[in-house]
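In the two complexes that follow, subunit A is the common piece, with subunit B as its partner first and subunit C second.
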Partner chain A sequence: MKRLIQFLFNYRLLALIKKEFNQIRRDRRLAISLILPPVVQLTLFGFALSANVTNVRLGVVDDSHSPESRELIATLTESRSFRLAGYYFSVNELGDAVSRGTVDAGVVVPYDYAKDLARDRPTTVQFLLNAMNANTATISRAYAEGVIQSYNSGLRGKGSSSRVETVAGMNLARRGQVQLQPAFLYNPGLVDSWFIVTGVFGLLLILNSSLVSSAAMVREREAGTIEQLLMSPASTSEIIIAKITPLFILLCMMMLVAIAVLKLAFGVPFHGSVAFLLFGGALCILSGISIGTVIATFSKSAQQAQLTSFFVNPPLSSLSGALNPVEAMPKWLQPVTVLNPIHHFATIVRGSTLKGSGFMDLWPNFLGLLIFTAILVSLSVWRFRKQLS
Partner chain B sequence: MRRIVAQTRKELTQIVRDWRTLALALILPNVLLLLMSTAISLTVNELPIVVQDFDDSSASHDFIDAIRASITLHVVSWPVNKSPEQALASNAARAVLIIPSHFGRDIARGVNAPVQLLVDASDANTAKLTSGYATQITAAYNRQTAGAMQAGLVQTAIRLWYNPGLSSKKFYGPGVFVLGLSMFPPLLAALAMAKEGEQKTILQVYVSSISAHEFLLGKIIAFMVVALAECLVMCLLLFTYFGLSFAGDPTPFLIATILYAFCVASFGTMVGATIPNQAASMQAVALGGFLLVFLLSGLMFPIENIPAGLRWISNFIWGRYYIEIVRDALLQGGGWPAVWYKVLIVGLIGTIFYGIAWRGMRKMQVKV
Partner chain C sequence: MIAASPGRAVEDHQDSAEKRAIDVRGLAKRYGALEAIRGISFDVHRSEIFGLIGPDGAGKTSTFQILAGVMEATSGSANIFGRPAREMRSQAGYLTQTFSLYLDLTVAENIRYSGDLRHIPPNEIAERAQKYLRMFDMDRFKDRLAGQLSGGMKQKLALVCALVPQPHVLLLDEPTTGVDPVSRREFWDVLAHLAAEGLTILVATPYLDEAERCHRIALMYQGEIHQIGTPAELRASLGAKRLELRTADLRKTESLLSEEAGPDKEIIDVQRFGDRLDLLVRDPDEDRQMVAEKLRSAGVPVDEIRVDEATLENTFVAKLRALGQKAAAVEFPSRHDHSNLHGQVAIGATDLVKEFGAFTAVKNVSLQIRNGEVFGLLGANGAGKTTTIKMLCGLLDPTRGRIELAGTQGNLRSEGVRQRIGYMSQKFSLYDDMTIRENLEFFSGVYGVPEHEREEKIRWVLSFSGLQDKQNQITGSLPGGWKQRVAFGAAIMHEPDILFLDEPTSGVDPLARRAFWTMINRLADSGAAILVTTHYLEEAEQCNRLGMMVAGELVAEGTPTGIKARQSGHLLEFIVDQPQRAADLLKSNTERWRVSLFGERLHVITEESPASAIDQTKKRLAENGLRVISAREDRFSLEDVFIAIVEQARQQGKVVTED
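Then we have the complex of A and B:
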C-alpha cells in the first residue's frame, strides 16, 4: 500500500502529469473539441432527431360528397396526426400526388358511403400510405385505424337503428370485448428526445475520448520526442499514467457539462442514482481513451490516426442501440451489442435517469462495462509498451 | 484539356498507391451501407413482452395465444411472484400485459373486460409501436370472437405503396448510400488539397503553366471518378442485397449522380483549399459531410420533425436533395416531373462550391 502511494505521488510522475497538462492547455483546438461537442452535438441530435409522426399530409378523394363523408374527413384531420393537404377529383390524381411527394397519405371515400351508412351496411374507406419509411407508415396506419375505430364507436351510439341494435345485441350470445388500456411508464408524455440524448451521451463520451486521446498519444510520435521520453528515468507505466490522468480529468469535466445539458436543455428526469451515472461515465471514458490509444499505436501521424478511427467509430456507434432499439437490428447482429461499451453505458444512463433502476437491475451492464474497460486498458498498455520498446 | 487529364492522372495515381485511402474510398462505404442501414432502422419485430395472467381461464389462454401467434410481439416468461415493473426495470421485457382475475367471467357475461398494458416508454417511438401492435392484435381478437354484428360499420382498407413489406432496409439503404457518397470522396479530396498546401507543393503549381481552373478541374474530375466508382460498387449492393431496382425513369438518377459527384468533389476541394491543414480539414469534412447530412437531410427521421429554428438549414444541405432523388428513383418512380428542380439545385450547389474553391486557391497563394 505504502509503495503504491509512493509510486503514485512520486516526483517524476507529478512532473510528467504537469507537462501533459501544460501541453493540453496550450493546444487550443483540443480544448475547444472538449467543450464544444457535448453542447452542440447533444442539442443538435436531441432536437433534430425525432421519430415523432405528426402532421402527415393527407390528400382526399371524396366521391360521396355528403355530410357524413365530410364528417369523417373532419374527424381524420382534426387530430394532430393528419393534416389536410388537398382535395383531388380522382384516385389517379391522388396517386400522382403521392408519387410526387406532395402528400404522404390519401383517403378515398366511396360514392355510396352515406347510403351504406344510412342502411347500416358496412362500408369500406380506402387509405393509401406512402410506405417508403416503414416506421412512419406503421405509426400512421395505427393512427388511421384508431381514428376510424373511435369514429365507429361514435356512430354506434348515434343512429336510431344502431340504438335498437345495441339493445337487441344484449342477448346471451354476445361476448364481452377485450379492452386494452396501455399505460406508458417512465415517459408518460412520450418525449422522443429523452431516448436520443441519453444514447448520444454515451456516443459522445466514447467517440470524443478516443479522438482526443489518439491525438494526444500520436503527437509525441509525430514530433519525434518519444525517444526523449524513453531516455528519461520514467518507467513506461509512469509515462502512460501521466498521459491518461489529465485527459481523464478533462473528459470527466466534459461529462459534467453534458449532464448539465441533459438536465437543463432537455429536462431529462434523474430518478435514480447520479453516482451510477458518474461511475459508468468514468468507465466509459477510460475505455474510450484506451480505444484512442490503440488506434494511435497503429498510426504514424495525426492524420492517419483520424483515418483509422473512421474504420472503428461507425460500427461502434451504429451497433450500440444508442439511437435505435437493439431489437430493430438483424437477429445475428444483436448479440454483438454485448461487446459494445456504448450499449452498456446507454442502458445504465437510461436506467439511472428515466427508469430509476437500482444496482440489482443494472449490475450486468456494470460488469460488462468493467470487463470491457479492463480488457481495453490492458490492451492499450501492452500496445503502448510494444511501441516504446 | 491535356493539362486537366494529366492532373487527373496524377491524383488517381496518388490515391491508388495508398492502401488506406483506397480502402476508405471503396470498401468502407459498403461496410457502412450494410451496417448502418440495418442498425438505424426503427421498426421492430419480436419485442419481448411479459404476460401476467391472474385469471387462468380458457378465455385468457385464448387471448394469450393470439398474442403468441403474432410476429411483432414475443412472449417471455416471468415468475409470478415478481412485480411486473421489475421486468421493465431490468430490461427483460419492453411491455407487460396484465390480465385481471374475472377476465373470463366478464367476457362470458358480455361485459367489456379491461386488460392493462404497461409499456416501457423510455424509448418513445418503440413504445408507440408496441402499444400499436398490441391494439391491433386486440382488435383482431375482438373481431374474431364477436362475429360480424359488432364489427364497426366503417372499415379501413389500407394500401401500402412503394414498400408494401414495410422493409426498413429499402428506406435506409438509399439514405446511407447518399451518406457514404457525401462523406468519403470529399474527405479524400480535402486531404489531397490540404496536403498541397501543407507540404507547399502548391507553389510548384503556381509557377507551372497550369491555370487555376485547369488545376481545380483536374483534381475534381479525379475525385468524381472515385465517387462514381464508389457509387457503382454501392449500387451493386443496393440492387442485390437490398433488393431494390429502378422504379421508373432512371435518367434523373443518372444525371443527378454525376452532378452530385461533382458537388461532393468540389466540396472537398473547397474545404482543402480554404483550410490548408490536413487534420483540421478532415474535421471540417466530417462535420459537413457526415454530421449535417446525417442529421438534417431526412436520412433517418423526417425533416418536418426538426424544430423550425433549425429546419431552414436543411434547405442548404446538398445531401437532402440527392436523397430525395435517389429514393424517388428506387422506390417511388416519380421521374422528371417530381425531381427536376432537385437535380438543378444539386448542380447549383456544386457550382457554388467550385467558385469558393477557386477563390480559396487564390488566397492560398497569398498565404504560402
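Then we have the complex of A and C:
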C-alpha cells in the first residue's frame, strides 16, 4: 500500500499530470467540449427529441350536441396536448381536413353519446389521426386514451359505469396495439423528456469521453513529442495514468454539470441514491476514455481519430436504448444492447432517478458496466503500451 | 563597392542605375512598439548574390516579406528594378524557411501548378521544368510525391517552382535550414549558375560558410545594417588574424588563454574546437611568440601554432560582441560531477544492423563513445544517422548487433538508464501548446531535478536562451532558433552523463551556436559523453571525434584533423576573371563535385600533384580566354572532405539514398 502511494504521488507522475492539465487548459476545443455538450446537448435533445406532444390541432364533429359531449371536448382540449381547431359538420369533412393537414386529429362524438351514457351503455367515440407523422399520431392517441380514461373514472365517481372506446380512423391512421411502456408508470405526468434526457446523459458521458480522450491521446504522437517523452525516465504506466487522470477528473466535472442540468432544467426526480449514479457515471467515463484511447492508438492524427469515431459512435448510441426503447428494436437486435455500456448506464440512471431502484434491482447493469469498463481499460492500456514500446 | 572581376566593375560604372536590381532606401518596419527594421538602405546589382546575415530577430525575414510584396513597409522604399516591390511581385520568386509545396502532389504537378498560377503556357512550363530539374539532377524524381522527398530535395523543388515563372529577382529566406551538406552544395552551385545567367539573388542564412559564397554580404543586427561588403572585405575589416593552436590539453590551454582574452587585448577571442583552439589576434607573429611562451611557462605542451586568415564566423562573432550582443549570461548551476566516469565507454555499438523489410538502413556500424568525449555523427539525409541514434538510445531495437549504454546491455529502456540520458530530438522536443516556463517545469519534474535546484536551473535555461522576459510565452510562437535553445537547455537541466543531440543547432544563429558549443564542451569536461549530429560541417570541427555515414555505413572515423589529413588529393583555389564560365568549363571534363564556386573563388579538388594540376588548369583556362588572377593550394575544409567521401562512395556503387 505504501509503495502504491509512493508510486501515485511521486514527483514524476505529478509533473506528467501537471503537464497534461496545462495542455488541456490551452486546448480551447477541449475545454469547450467539456462544458458545451452537457448543457446544449442535454437541453437540445431534451426538448427537441422529446416525445412530448403539445398543441395537436383537434377538429371536432359533435353530433350529440349535449352538455356531456361538450364536457368531453372540453376535457380533451383543456389538456395542453390538444387545441380546439374547429367544428365540422360531417365525418367526411373532418376526414378531409385531417388528410389536408388543417387539423392533426379529429374526434367524432356520435349522435346518441349522451343518451348511451345516461343509459349506462358503452359508447364509442371515433378518433381520427393523420399518421403521416406516425410518432405524433401514436402519442396523440395515447393522450386521447389517457384523457378519456380519466374522464371515465370521473364518470365512475359519479356512479356511472359507461365505457368510451376509441377507434382510429381506418383509412387515415393505422390501427395499432397500444403499448404502455414502463416509463409511463413512473412518469405520471407523462413527462417524456425525462426518458430522453436520462438516455442522452449516458450517451453524452461515453461519446464525449471517447472524443476528448482520443484527441488528447493522439496529440502527443501528432506533434512528434512522444519520442522526447519516451526518452524521459517516466514509465509507460506513469505516462498512461498521467494521460487518463486529468481527463477523468474533468469529465467527472462535466458529469456534475450534466446532473445539474437534469435536475434544474428538466426537474428529473432523484428518487434513488445519487452515489449509484455517480459511480455508474464514473465507470461510463472510464469506458469512454478507453474507447477513445483505443481509437487513438489506431490513428496517426486527431483528424483520423475523429473520423474513426464516426464509425464507432453512431452504432454505439443507436443500439443503446438511450433514445428509443430497446423494445422498439427488432427482436434479434435486442440482445446486442447487453454488450453496450450506454445501455447499462441508461438503465442505471433511469432506475436510480425515476424509479428509485436500489442496488438489488440494478446490480446486473452495474456488473455489465463494470465488466465492460474493465475489458475496455485493459484493452486500451495494452494498445497504448504496445504503441509506446 | 563590389570587389569583383575588373570587367564587371567597368560595366558598373557605365549605367549603375539600370544595374540596380534591388534598391532599398531608408526602409523601416514597426510592429506596434517593436521596431523590426530601423531604416536600412542597400542595393543589389543585377546578377549578384547578396547575403543578409545576422542573428535571430535582426529583421531579415521582415525585409524579405517587404521585398516580396507580402507586407507593407512602415516607411522608406523597397524597389525592384526601379518600381515598388509590391508592383513587381510577378518578377520576384520568394522562398521561405518552411516548405511551400503541396506534399500530396508530385514533383511535376507542383511545378505545373506554380506555372499555371502565372499563366505560363503548358509547353513552356514543361520545358523550363525539364531544364531546372536537370540542373538539380532531379529529373528522375518527376513522378514522386513531394511529401516523399528529403528536406534538401524539397527545397530544391521549391526553388524550381519559384524559377519556372522566370523571375528576375530571387528572394531566399534561409533556404537551406535542415538541408544536408551534399544538397546544400548543389543548391549553392545552382544559385551561382543562375546568378551568372543574370538572375539577382538576395539570400539570408545563419551559416557563414554559405555567406562566403555570396558576392556581397550585409551584416544586420537589431534592425540595422552595420556593414556591407564582400566576404573578403568584411574579414579584412576585423584587422585580425587567426592562430590555430593544437595541443593535447585543450581544456587547460583554453582556460589559461581565456583569462588573457578580451576585445581590447592582444588576444581578441579564444574559441575551442574539437581538437584545436582558435585565437583571434591583432599581430600574428608577435602574438604567436607570446602565446607559445606563455604556454611553455605553464607547462602545457603545444603541438602546432599556425597563422591563418580570420573566418567570416570570427568576424561575425567579434562584430556582434562589439555591438553588445551577449552570449549566455548566467553560469550553468552544475550540481553533479561525472568526472569519475571519465574515459569509460558510455555508448558502445558492435556490428549494429537495422533492416526495414528489404531495406537495410544501418549496416554493421560499430562505435565507442567515452565519457568526456564529444562525438559527431555526420551524414547526408537518409544516411542512417537518425536510425542509428534511435537504436543507440534504446528507442528502436536493432535487427542485429550489440549495444552498450551507460554500462548496461540488454534493457536500455530502464528508468535508471534513462535518468542518466539527455535527449534532444531533431524537431519536436518541446510542447508547443505550453509556455516556455511550463515546458521547463515539466522536464525538470519528469527528470526529477530536486525541488531546490529547479528554480535555479530554469533560470539558467531562460538566461541561456535570452528569454528571461518571455517565459510565459507559448512555446509554439517562438522562432525555430530560440526554440532550439530552450530545448537544449531542457535536455541538460538534469545534468545527464550521456547526451544525444540530433541537429541541435539547426536554425540557430552563430553567436548562440557558439554558446551551445561552449556548454557542450563544459558538459564533456565534467565527464559527459555527447553524441551530436549536424548538417553543418564547419560546426563539426567542434567535435573531438567524428564519424561519417554514407548509405548506412560508417565510412570514416577520427578526429577532424585526422579525417582531413587522411583525405587523398588536393584542394586548389583559383581566382578567375569569369568564375562561372571557368567553373562550367572545368566541370565539363571532370566529375561535377570536384569543382565548386565560392563567390569569386573557384575550388577544384584534384588527385594529381598540386603544382602540375595548377599549371594544367591555368593553361586550360587561358586557352578558353579566361584569365587566372591567382592560384594556390588550400587546405581541405571538412565539407570538402565530406563531399569527396560521399561522392567516392557513390562511385564505388554504394547506393546513396536520396530520400
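The criterion applied here is as follows: the second predicted complex is superposed on the first by the 256 of 389 C-alpha atoms of A that agree within 3 Å, B and C clash if a C-alpha of one lies under 4 Å from a C-alpha of the other, contacts with A are read in each partner's own complex, and residues count from 1 in each chain.
In this section, contacts are C-beta pairs under 8 Å (C-beta built on N, C-alpha and C of every residue); 3 or more make two chains touch, one makes a residue touch a chain.
Predicted, not measured: the structure shown is a model, and the values here were computed from it.
A.B. asks: So, A:264: does it touch subunit B (first), subunit C (second), both, or neither?
C.D. replies: Neither: A:264 stays clear of subunit B and subunit C.
A.B. asks: Could you say whether A:233 touches subunit B, subunit C, both of them, or neither, answering first, second, both or neither?
C.D. replies: second
A.B. asks: For A:23 in the superposed arrangement: first (subunit B), second (subunit C), both or neither?
C.D. replies: The second partner, subunit C, only.
A.B. asks: I want to verify the contact counts: of subunit B and subunit C, which reaches more residues of subunit A?
C.D. replies: Of the two chains, more subunit A residues are contacted by B.
A.B. asks: On the A-aligned overlay, A:225 touches which partner chain: subunit B = first, subunit C = second, or both, or neither?
C.D. replies: After superposing on A, A:225 lies in contact with subunit C but is clear of subunit B.
A.B. asks: In the superposed arrangement, does A:14 touch subunit B (first), subunit C (second), both or neither?
C.D. replies: second
A.B. asks: In the complex, go through subunit C and note every residue touching subunit A.
C.D. replies: Where subunit C meets subunit A, its residues are 393, 395, 413, 415-416, 418-419, 421, 423-425, 427-435, 438, 441-448, 451, 474, 500.
A.B. asks: Please name which positions on subunit A make contact with subunit C in the complex.
C.D. replies: Those residues of subunit A that touch subunit C are 11-12, 14-16, 18-19, 22-23, 26-27, 223-225, 227-235, 389.
A.B. asks: Can you check the complex and tell me which residues of subunit B touch subunit A?
C.D. replies: Per the touch definition, subunit B meets subunit A at residues 20-21, 24, 28, 31-32, 35-36, 38-48, 63, 85-86, 88-91, 94, 106-129, 131-132, 134-136, 138-139, 141-142, 145-146, 149-164, 166-168, 170-171, 187, 191, 278-280, 282-283, 291, 295-296, 300-302, 304-307, 310, 324, 327-328, 331-334, 337-338.
A.B. asks: Taking the touch rule as given, give the residues of subunit A at its contact with subunit B in the complex, in rising order.
C.D. replies: So the residues of subunit A in touch with subunit B come to 29, 41, 44-45, 47-55, 72, 98-101, 116-117, 120-139, 141-142, 144-146, 148-149, 151-153, 155-156, 165, 169-170, 172, 174-188, 190-192, 194-195, 198, 215, 302-304, 306-308, 310-311, 314-315, 318-319, 323-325, 327-330, 333, 347, 350-351, 354-358, 360-361.
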